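Chain naming follows the written order as A, B and C, and within any one chain the residues start at number 1.
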């Protein structure tokens, strides 16, 4: 049944900034309704945080959990739509900061919210081929929404990193299957030199998010898996509603989705979103339990993975902070402090 | 040029005098305290204790948008003291000898088009379950 | 051994001289020295800490020589941070002592008003190591604030034991025509002024200012040409350096460079500490007044505040400090400050101090620091 063998997650790590703004505070600002807000609150990066700094912290936990020397890392890929530089890689700064040596493959990836899972695919390929022993796949974003836009309620900041290598005793999890489904679907985009993205409103739903995730999950089922094989399902989380809605379409009960939901309290962390969800599940999964993971990136595509928790999960879990540790570390800001922190005040 | 100092600023690589124990944040061939030439690279630990601290309310050029921000002196287990920015914590929340951990943060940038400067800061450790 | 004397001084009012360029400030202040002597000048030492940054101007030696119509005369610029002025004096002193020069002009000049507040904050931290301090946005005033905090904690003192020094400075400056702030203030005012870096408040620091000061040094060969009561001898001078970052020192509260330089200067002058009647100290931050007075042996550690409160450092005490207001109230035009200090001691010892005059001032001294004590210059001077 499994199409892959010998690929494992040895360590995982996340980072979520401390500041939060409540969706109701954004709604208050724009005179919106308090009912049916897309999330409860979202994370806000501070002025001294960006995709680089969040990637560094998440990656350092992913290495700590793997229990390996940074010198053994052969690839650092960072997926993001908010790389601080248009030209100059995030990956090399991250690698240098966590002490990876220079014999390294590194690149920045962009595929909207699935750039992080794209990094996973690349690292898995390099590990499977024997080109590298371990690699870091990182998704991190400081997502921006135009003030007053619907995106402003959810566009959040966070990072997640997986240390991927060949299977050995007591890994965090094995990756049994991976695939991807993409098509040219213009639901959300940002042109060069533009500060905020544009989106096609309700077009982001059926033909975009739902079509691509349903299609990628079908590839898993075509491979011989049944939905009963999964204890957890993690989907990209642009808001709290979508992951449950796509689960319903697929016939997956909400209780399998709930453990991996971070969006309600963190917002949409874009390239980190589904990886953060998987990290939250890995924080609680027992050895042998299976996770169905499907990311979604606008433009559009969905990476799908079958992940089975390994024997080392509880020992390695303890070596770094949990997702809930970050979710509970919070300080609320009002809309004016939020504008300041996100550098949205322009003279 | 910031690049030259990346190992110190990102990871706290320092140059330690093997004779008297003085540390240098720069590569050197002569100990600044005892003039020994026995200098070795060392990685400072990621945890330290706060010795003293203040806040910068009148920032220098390049730091205007961040003020007020907290700076302090931290001390490692071996007694090494380091000047550090302190983040994710207000001045009022800090207490002498509280434990802090090292992170890498964006310090400043050379305008909108220039380089971004990253470096170490310290913050209260993440509370673990 | 040759002896070195001060034959005349001149100071401009410390303020924002918006319309005055460096050239205008320098020529004005030097013009107030008599031009007969100017023709004999065989060395010019120009102190400035920031001219290349603020006025895009280097090579101030040749430029000032030309300004003064003295092209041809050996001239150079001296930079030692806040201690540039004293460093230029020291260089001029050495030049005469060596026999190379006989009559030397020392000019200090700084125009801080060309800086924005943020630039000024950056520039006032230039004496600290940029690659350790400045790059992370740490200001010199914030380091001074931490020294302040550690001091209050160590000796379990109320803030007034430090914050009263600015009050004394303003008291003195109120009568000084060339001072930047010619008014008195109160402890309440100081302690309610805005916090710069806790516990340091704005009225415990200096503000950007422009100023120029000039001192004419000569060897004994020229004494006959000068009126006897207008001669002051540089009886001893010395300089010392220290680890730059205060918290890298053995004791961040000890200004060792100042204590070493002062001891040495006293020894060279053959003068005892108790003979010093007027003393200019480097109070760029209130706490430095405490730390200097304790480091150079006038007050016991932790006791300078109490001594000051008891009047030891005010008119009638001994030594009277910063008789024209010091850096705090006369003003701190960075590279010119040391030259102002020398000029002020000269005025005291020649009875030219006007309403700031300290009775019976025969012997005086000055201490000029770079940064937070990474370098110190001490001069001991004797009146005729």
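FYI, contacts are C-beta pairs under 8 Å (C-beta built on N, C-alpha and C of every residue); 3 or more make two chains touch, one makes a residue touch a chain.
Small disclaimer: the values here were computed from a predicted structure and weren't measured.
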A-B compared against B-C, more contacting pairs: B-C
Centre-most chain [mean C-alpha coordinates]: B
Cα-centroid distance, chain A relative to chain C, in whole angstrom: 59
Between chain B and chain C, centroid-to-centroid distance (C-alpha), Å: 32
Touching two or more other chains - residues of chain C: none
Touching two or more other chains - residue numbers and ranges from chain B: 66, 85, 107
Chain A, residues touching no fewer than two other chains: none
Footprint of chain A on chain B - complex, ascending: 6-7, 10-11, 65-66, 85, 87-88, 103-107, 116, 118, 121, 126-129
Of all residues in chain C, those that touch chain B in their complex: 116-119, 121-122, 125, 131-139, 141-143, 145-146, 149-150, 194-200, 243, 245, 247-248
Footprint of chain C on chain B - complex, ascending: 2, 5, 9, 25-26, 32-33, 51-64, 66, 69, 71-73, 81, 83-85, 91, 107-108, 117, 119
Contact footprint of chain B on chain A as seen in their complex: 18, 46-50, 52-53, 56-57, 84-85, 93, 96-97, 99, 321-322, 324-326, 328-329, 340, 343
